[in-house]
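Order of writing sets the chain letters: A, B, C, D, E and F. Residues in each chain are counted from 1.
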């Protein structure tokens, strides 16, 4: 390409001939011009003191942002599985990790002791991708058309759960299991079916009518899960 | 699945053996952990006192949200059709119904007296789906490529109007007509062509040049519709 | 605006001086030019014989589209409520009404006989707006943070259910109820919790582990709802 | 940062010690691995022979894509303004310029002779940004709330027209005007109000009812613009 | 269509029979009703004093918006090319032109003196469409799969650069070149590769490890471009 | 709530009184009705034999989908780090894992031997979240405004990299490092800066002009990385 070659020659001469002081002033002006129209649109670290909007939280002032806003260190510690479900979920959603605000993703750590369970639940606002790093996990979901998809996942396996569909994870192995769940939203939400049914004050009679469950079953589980009504 | 069976046995024993006090404390901790990372991302009831953003209004504090924020009761009353167009539109957009903020939809009631008309208009920000519940309505739209699509809709019929295209509804029947219009946005907007042409102070000469309409016609309709210039 | 006035004078003279034949040829060329770059982007009536994509179905050829593609007439007839739930849902989603493909909305009719129920369910892909047109309906939803929102809706009332959250409708009145549900997607999906739990072959032991339900309850409801395992 | 320094030393030694043949094979494997998971998601040049979808056309095979797919040369030639509106629009939308498919933008050239006009119109699917490069143009739009915004634009001026709103451009100057219009969609659509009203077979009586225009005016303009009915 | 004809007759009589005072009051009520539910959703002129959100800035109060918010006059003046790259970029992004906030597009002017260069760069948040209006520009981009696409663009040529991909523009001609770049975002961002590598305080050792560049080269360019470390 | 109580009583009687045969037929009809309007909108497993579209691949027929479509087992095996960069990336993007098509996320495994590096690169189409599971990784990114953010990440730490920005990972520790990278897109793309500069046939003179790099440096790295020109 002849035109490029002649371009090149011109340019190399130009660079060599410019002394540093000559370079520096127009360079600073140039940088200043370029940087003046860069905005914070690269990221929007959440300012949790400001109201939320449908697209996420308002942004912290860019001048106050540091690398710590983009790093989260809570997922290296096993969650406490001494509870009813013998499992723990440690989230890094916007509220815990403001740096993911507006960036379309988030993470959580799942710890399942032997026999542990992440009960049937949905994420209304995001799809989920589970990666098993320790032990084995039986995981599955149910589709809108009542298709059932489940499989035992071992170390290195991943499974995807489409947004909004009922799914679960179980540790049916002989040792604790650990997995990490990615989400396609910084705030995917979490609705655990049994807690939604039995862990609040929605009247038992309503629950029974909308689920076909027996009154005895509903009342019993409300006691277990702290509900009333 | 043998592994599930053994899982099951272990779990049933575990649940039975746990007395309620043993269940309750870890359960509360668990619930607290789970609820602590739920955010208001489920919904974002508009706080109309705060500025709007491109994605909608900022959200009311979740702690102030009640069921009333999700219910709107204004669409059961017929609108007042004693006007130029013998029709009325009763909207439930964000401004009237803050609960739809950020949720991707809204509704309006259309009342058309005999001979009533919803004049030619567009919704810049949403598609529309009209359902006729009383009487009959002649409805139609025009596409970008000048295709014309219209039909008389009777009780139970629905018609969809793609976003941004000119459309209209007419009551050419013998009795009042009522319809409900769904929109694919909580703020679909509404631009009525004749009001936009004749109901403001855009100079007549400009209107004539950009529409080919006669000066006499423009001036006359400006008088009727309250415009000037 | 002097420049506009002189513009106007020139133009009116030009229009008047042009005879129809003089107008017609350049007009046709102009129309042809304009229409040549209009595309089918206004709408995309689903061609259900072609594969679906993440954004919806491929479009029918625009030349084959008629007004019938934008009109759906199935919602005027009450659904058949002689079933277990004494209710019926008559949808106008893409599969039934290809005209809504890609337009961001759809509709369904809900019929609830006395005591009828639309069981607890979610729509993974859309928010819902229910309008009661006859009778009364007790409707409610549960949020991710376990907030419970329910109310009795009467004629003309509307209630919004955010995407992906568990919700239900009940007819606790003395007469049949009818409502129309708008959705913020042409394919919102529908996952009925009890059918998802008990209407397929997901093993009972898994269900019990992930919901805390008793084996007896699970087995019983599997029989009622046609499940197995 | 000591750890980086030691890293650096190790690396420089490694690079220097690797002879080219040693580099080349693992490099090729590496490149092959990396390139194997790159997809065509960078771009999606439209294959106009395949059906459209709500998100745009299906993509040409990446192996058939060349630089010519990303370059369009039609906007340097003035459009033919010998027509009714003394203006021309030369588009580079997907149909003319398949390379913009799925990329969120497109362009068009506007030529306005003295007295020329781009008649009142909307773009249902995109916002517009007009840049004047020659002459002067009176441009304006009307908002949903009937606000009127217009100004004379000179060389180098730009004006933005929000999606879906009625707007126009006029050349009220003494010389031909040229502008370029950017759009926020590869297929913004174009609906010219007067052509939509008078250039098709929508019955005159309907037009009169939905616009308040006189029958005489409607009939006259239908003759001028080639409509019927 | 007989029903339309009878409609028409009724309407024309109605309009004629209404005297202006009769028209005006219900018209004003009607207009008031219609305008009362129009929102600012048409546009959202940025209030730069308020925090940014993931979807853009909060909106100025609609009552304070004038036509000046939609017009920007800075692109008619050549940028100052007396700098290292012999080029200038004059942006009209949200920060300079608040009217584009939330509207999905923006614009910039590119001036390239003879031998000028817009160095290799990306726009993380938008695709770009360059239109050459003066001179000629060698422009190109590199795809994820390492495909190279470049061409000399002359007056009237446009080239599209998909979002996020490395691209550049060079003036290898004999006269100054001017182009205008449209973007598919009001804040597309700008990351110039060499400035990102050499214009900040990222340690040289890190740069060398992640780019394979020689220490001498890195140190030299850090001096030229104002970096350190 | 008295109305609910009476509802409940009626319903329990109804259920008890229904014998299984009575339940089964209307149930099957009901299920059939419900399932008939479920669509494949829950997910869209990619059919890689069909063309791609801007929103992803067309979907496999739902009837051919099994759980294997939602599980990927390639991330448990360390990648081969015997190459120039002493690192490997094992992706699970759409091409490898068709189940993520249209679901908004994907995953990859990163293996970095001692001194290994994932060279400076961008993902044009998605943000990234890196989780370190073994060893330690120095990771960082550069913003559009030339801010530099880097930190050493240890086991359990995560760091987010906004879409489209230059970033890198280095193993400056004493042992192999392993991390998993989530992306906010099923096809985030990958552009490695040095490969894009030196690994193809973009002429050296162009590279030098657009980066300020010396000809010697460019030529040398082209040899190392397999480029030409």
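The rule we apply is simple: a residue touches a chain if its C-beta (ideal position, glycine included) is under 8 Å from a C-beta of that chain, and two chains touch if they have at least 3 such contacts.
Chains and their UniProt names: A, B, C, D, E, F = Germin-like protein.
None of the values given here were measured: they were computed from a predicted structure.
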Smallest number of contact steps required from chain B (Germin-like protein) to reach chain E (Germin-like protein): 1
Both-way neighbours, i.e. chains that touch chain F (Germin-like protein) and touch chain A (Germin-like protein): C, E
Interface composition of copies chain A (Germin-like protein) and chain E (Germin-like protein): same or different, split at half: different
Chain pair equivalent in interface to B-E, over half of contacts matched, among D-E, A-B or A-F: A-B
Rounded Å distance, chain A (Germin-like protein) centre to chain C (Germin-like protein) centre (Cα mean): 28
Approximate Å spacing (C-alpha centroids) for the pair chain B (Germin-like protein), chain F (Germin-like protein): 35
Length of the line joining the C-alpha centres of chain B (Germin-like protein) and chain C (Germin-like protein), rounded to whole Å: 13
Residue numbers of chain E (Germin-like protein) (touch at least two other chains): 4, 7, 11, 31, 38-39, 41-42, 53-55, 58, 117, 124-125, 138, 140, 143-144, 146-147, 150, 162-165, 170, 185, 189-190, 195, 199, 206, 209, 212, 224-225
Interchain pairs in contact, sorted by label: A-B, A-C, A-E, A-F, B-C, B-D, B-E, C-D, C-F, D-E, D-F, E-F
Touch list for chain E (Germin-like protein) against partner chain A (Germin-like protein), complex: 51-55, 58, 80, 82-86, 88-89, 91, 93-96, 114-115, 117, 124-125, 138, 152, 170, 172-173, 185, 187-190, 192, 195, 199, 223-226
In the complex, chain A (Germin-like protein) residues that touch chain F (Germin-like protein): 1, 4-5, 7-8, 11-12, 15, 31, 35, 38-39, 41-43, 62, 65-68, 70-77, 92, 97, 99-100, 103-107, 109, 126-129, 131, 133, 140-141, 143-147, 149-151, 153-165, 180, 182-185, 203, 205-206, 208-209, 212, 215
Residue ranges of chain F (Germin-like protein) in contact with chain E (Germin-like protein) within the complex: 117-120, 122-125, 138, 140, 142-144, 146-148, 150, 162-166, 168, 170, 189-191, 193-202, 206-207, 209-214, 217, 221, 224-225
Chain C (Germin-like protein) - residues contacting chain D (Germin-like protein), complex: 3-4, 6-7, 10-11, 14, 18, 20, 23-24, 26-31, 33-34, 36-42, 44, 47, 50, 53-59, 61, 101-102
